[in-house]
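Scrolling down, you'll hit the structures one after another.
Note that subunit A is present in both complexes that follow, paired respectively with subunit B and with subunit C.
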Partner chain A sequence: MDNSRLSTVLAIPKRPWFWAFAASAIAYLATLSLTEGRGGGELLSAALTFASFSAIVGLGQMFVITLGPGNVDLSIPATMTLAGTLSLKFMDGAADLILPGLALAIAVGISTGIFNYLLIRLLRIPPIIATLSASFLYQSLAIWWNRGLRIKPPEALADFSTGSIAGLPNLTIIGVLIALLSWVVLERSIFGRWVSAFGQNTRAARLSGIPVETVRAVTYVLSAVLASFTGYLLASFSGGAALNMGTEYLLISIAVVVIGGCSIAGGNSNVPGIWGGALLMFLVVSMLNSYGFGAGVRLIMTGAIIIAIVAAASGKGRSA
Partner chain B sequence: MNGKYRILLPVLSLTVLLAAVFYLQPRAMSYFGLNLLFNLAVPIALATIAQMMIIMVNDIDLSVGTFVSFVACVTATFLNDAPLLGVAILLASILAYAAIGALIHIRQLPAIVVTLGMSFVWGGLAVLLLPSPGGAAPAWIRTVMTVKPPLVPMAVVACVVIAGLTHLLIMRSSTGTLLRAVGGNAQAVARSGWSVTKLKAGAYALAGFFGVLAGVCLVGLTTSADANIALRYTLLSIAGVILGGGEFTGGRVSPVGAVLGALTLALAGSFLSFMRLSPDWQIGAQGAILILVLAVRLIFSRRGRKWKGAENG
Partner chain C sequence: MEVATGAGRSMPDVPLVALSGACVHFGAMRALDGVSLTVSPGECVGLMGHNGAGKSTAVNVINGGLTPTEGHVRYGNEDGKHGTGAARARACGIRSVFQELSLCPNLSVLENLRVPHRDLTGFGWRKTAAARIAGALDEIFPGHRIEPGMIVGDLTLAERQMVEIAAGFASGPTPPRLVILDEPTSSLDASIARQLLEHVRRFCAKGGAVIFISHMLGEVFEVASRIDVMKDGKIIASRPASEFTQQGLIDAMGHVAAEKAAARTAVESDQRIGGEVLKTPEGLNARKGEIVGLAGLAGHGQAEALARFFMSRSGKLGRVKDPEVAFVAGDRGRDGVMPLWSILRNLTLTHLPSLTRRGLVDAVAEQALGADWKKRIGIRTDNLDNLILSLSGGNQQKVLFARALASTAPIVVMDDPMRGVDVGTKQEAYDMIRTEAAYGRTFLWYSTETDEVCQCDRVFVFRNGQISAELSGDGITEENILAASFQMQGTGA
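Let's turn to the complex of A and B:
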């Protein structure tokens, strides 16, 4: 018993998510060393808050990428924007419409997910192009619906999304709960096994009786629902929906999946790494910010770190 | 899909779209009109060819847009002020592309991620060069891009030349055949004694080369640059390759198709502005056109089973 526990601890650095958390810790300490430890709590709380958005959309992207080569959801930013604008306009600041607004956001996610899947399934369009073209439609829909108005979220919802319980931001609690749920689904449920089997060998999965098309449909819907939920939260958090609010989450959602140590070739994913990647993406930017680097250097360093982590992680014999 | 029919779809979609544009705006059916319609298509066509080089070897390049923006910034600054240094920087960036191709192959890294990282790097370099829009196009590029050949406008001539040359290079030369073979079966290529690393580096270098051409041409048309000038090229180029009958796996690409696909996408924008569509729906209509054309593709590929195989590979 003790031996196995020891070997579990010793095996931690070999876990694919280890590097994301280790690098996050380094970035955090490097930032604090500049301020001689002041503002550590604020930085941690900001990192936990902003990483929640990346983590939730990243989890959706993770399920899609687990399906294997060519499967990726490029419509996440447009779905976020559409859900954010539609639900905020619907609530129009009224506190009693918070839950119906949430339901509307989720409904947007379900619809866009089904639409994405139908393009892939019925029209046989490669997922990259299908989700990309569909995202143009969602974007237009959001523009047309919103007319550039910035509607404030209901006060109670805004307070909730910026508030915290016992020092932990509410958004982080939600993000961690969703991650736990995703972990259970991926590792402990039959659906999760099916998703992994689909990514490892679709033909074998189909021949062994797995309803592969249902698995794929549910996965795309799941990704869209998580994106629309994030859009709802982000719009409430930032005091209103903006038409470009999802833009940066396209690259981030893919980056956290990869930094977190999921195989981009599909069939192999891990949930903790998504949070590690999400924290890293935020902490690196704030570290470079506090060292006074401009936008250019910040972008170059972000890119170099993504490449370095992927190159280092694949040296662990993870790659195909 | 049979090779002969592969080219039919892009030809058909371009013809239909062109006919629709001429119907809506008969005055477009002139030397000046055609030039206006297709002017900005030249850099898009070059960027699409660059993307095709990467898709040909089974990878995908998410950094095309920021790379073209970076090249545009170099062109509008260094190439204008210090031509020698400018050329050196552009050559170095092509070498960087080749190095990335080699790295991806040697370490067996996922191209989608490495190019995603590179898109940050190119974007950062572009911001460092030109923090705010500006710079100036070198006079000679301006002259080349605005030259007025007799009968047919420059944009059309340029696209025909690009399609013809890349067709010879990729479909007719032995190097092109080898490069496509890397996408088809890299292991077989390696077993027959070729260095897949060198071939992949070559394909990436070609992509870098065409990316450089796209950026230089773009500045020749716009006369100045900014760091975000070509961001949408990443998605446009991927869509152009697929519209042109290319596939994500197996080295099945068509240079002529890719150029036609790029022209179709460029024309879709003009078509929508002629339709006097509300600006709200401009982007959405582009998506709808893309979906429509790809839906027509179903008719061209009767062999559904083969499709499923290619998709799930």
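Let's turn to the complex of A and C:
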């Protein structure tokens, strides 16, 4: 191995996303050690499937958090629920309405994103409060719309969302494609530059001629669209929309951003870490499950593990 | 406030600080290359040199912020109780006032004093802190309007600098013996700067010592008893101030100062200036190719007028590719620098929309633009991919200059852009501005320094947020500007 390749390999542990993947691998092996290696393929496939949902909403949240202190989208769960509920009721099991249903879900995302942004911009409400209070509206709208009925997704859509190609779950392929696209946007496009500039120093970004309000609006809409798309997929995957289907994604969307090594202070983010964090969130829970811990212990352990990962990753970042 | 003269009186020949053969390396870069220097009580040492010559590094070695890779630092009247680094320097009465303003904007003036003054603890520390900072402010800047309870973020740039200076001279657990002033007057107007210079003289007369770093030669000659000239990390000349002339000093620093002002002729400006391109509600106006100055005492609404004008003409999505105005920040940390980014990314930010194909940045074109401007404006780095914060203050400023000039904007707004820029670079920047103006660019230039304002074709003097005078041609003189800056004179000119 020549020197430059060696140094590339040695530099990997210094990458902010390294610890998320390393911890995922450890959690995976720890789970398998209990079953003496049986069920490894199933566990991996389940991890890849469920991590896709976390990764897609996490990518949206990542863009928002990159905008800097105070910017966070807490309406992700409610947007997921609203988009899932509305689109499934609209399709009502009809296969020819799959694409219009998807369009409806995306439209829900665009609308909630714009609504969130307008609350922040026009009423000057801090994003945390604005998106949290807006999410009560979205949630109520979802309840009022379908009155708790659970409508099944079209057969073909359900099959697609649970199916796989060459062993890779379809959802994982979609999740990875969205991640690749996000990487290009963040690293190669001017919009990514603007988002990073906004997060580092909003005033300086404005004085450099960046249309900062447009950047912020697009970012909040992007996050809402990714959330509503995830809601559509999740509802199809789990055989119908439920009013609490988004709940756990509030914590997860933020956790994967932090675990993935993005800066909470804004301006700095990385896409691979989102997938690392998403895998870890699933694998840790399944590991604790298979070791037979109760729900209370499981939550405590999850919290402790997240803290440990973030501490390890940030420690490396400082010394590098 | 009192000055500790004890040490000076009992042992007059013991220097307050002595560097011998100090070297500091950052990777391959030799920031400091064998510097020996002593400062004794009663001395005021002017430390001169270009951006990146090693002045700030030398200062950081003296105040304990950096440990030299080779050589050592010795302090006079050391009691041996305080360990190493900054704590040791501080215990010996070494204080620094930095070029980059280092106050916490969200804290009040007196709370900021607690950061260096560790003894401010327990019940009633606020009262002690308020007394210390108010005492220093009253002594140095009589007539200031700063209350110790004010939040630093609400102060103007000049007031923040005044607070920082006052904190450097304030009495504390160890009284100040050697105060290092790094570009202290860069955002102060002439009258406040004068108060400071007088205070420095009084302080030294009472047995204190000052290291004075400034790019304003006049000031250095006024206060310094000795001038040390630095170049490429070495001290290349060290003589009493009286043995230097201004020209001699510039020559010693090794930059060929262009014959200033000679380049500007009335004929040239007549040909260059076209029709009116902007007019603001305050009455500010400018024509195509004109260099318009904004003068007056610092904090009288010039910066706000520029910001309002800029905001009204920029930031719309449809116009990012051909912006109407570009901005050069003077307060780099607040208005200009993207701290997480490389030099290149900072430089290309404003022009980036024109280097974009289908939303994606053309990396090759971006590199080329960066390389071009690195050469044109002389940014001191071997790699544009280094972080912007690895550059010295003056070089960061050059990057911000390049950011604006690289764009196609016909109007360039400059908010005191020469803060912390050395004499040679200033001359280059003047030439560049004049060249760009000759191509039809309009400049709006706010400056706290009279010699910069005198480079302009027309000058608006501000007082209390309003234009108090408009000067042009031979009417642009220091006397006229000062006259229009002060209330009692009414409208000057």
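The rule is short, and it goes like this: the second predicted complex is superposed on the first by the 311 of 320 C-alpha atoms of A that agree within 3 Å, B and C clash if a C-alpha of one lies under 4 Å from a C-alpha of the other, contacts with A are read in each partner's own complex, and residues count from 1 in each chain.
As a working rule, a residue touches a chain if its C-beta (ideal position, glycine included) is under 8 Å from a C-beta of that chain, and two chains touch if they have at least 3 such contacts.
The model shown is predicted, which means the values in this text are computed figures rather than measured ones.
Touch criterion met: A:Arg203 reaches subunit B and subunit C at once.
In the superposition on chain A, no contact is made by A:Lys89 with either subunit B or subunit C. Legend: residue contacts after superposition of the two complexes on their common chain; A:Phe136 is shown touching subunit B, with no touch to subunit C. In the superposition on chain A, contact of A:Gly303 is made with subunit B only, not with subunit C. By the touch criterion stated above, A:Phe191 is placed in contact with subunit C alone, subunit B being left untouched. In the superposed model, A:Ala311 makes contact with subunit B only, not with subunit C. For subunit A, the partner touching the most residues, choosing from subunit B and subunit C, is B. In the overlay built on the shared chain, the residue A:Lys152 is in contact with neither subunit B nor subunit C. Contacts of A:Arg15 after superposition: neither subunit B nor subunit C is touched. Shared interface residues of subunit A, touching subunit B in one complex and subunit C in the other, are 203. Listed in rising order, the residues of subunit A touching subunit B in the complex are 68-70, 72, 74, 119, 123-126, 128-130, 132-137, 139-141, 143-144, 202-203, 251, 254-255, 258, 264-265, 294-307, 310-311, 314-315, 319-320. Taken in their complex, subunit A has these residues touching subunit C: 184, 188-191, 193, 196-197, 200-201, 203-214, 267-268. Of all residues in subunit C, only 307, 310-311, 314-317, 320, 323, 325-327, 329, 334-341, 345, 349-350, 352-353, 356, 359-361, 363, 403, 407, 409 touch subunit A in the complex they form. Every residue of subunit B that touches subunit A in the complex is listed here, in rising order: 60, 103, 107-110, 112-114, 116-128, 131, 235, 238-239, 242, 248-249, 278, 280-288, 290-291, 294-295, 297-298, 301, 304, 307, 311-313.
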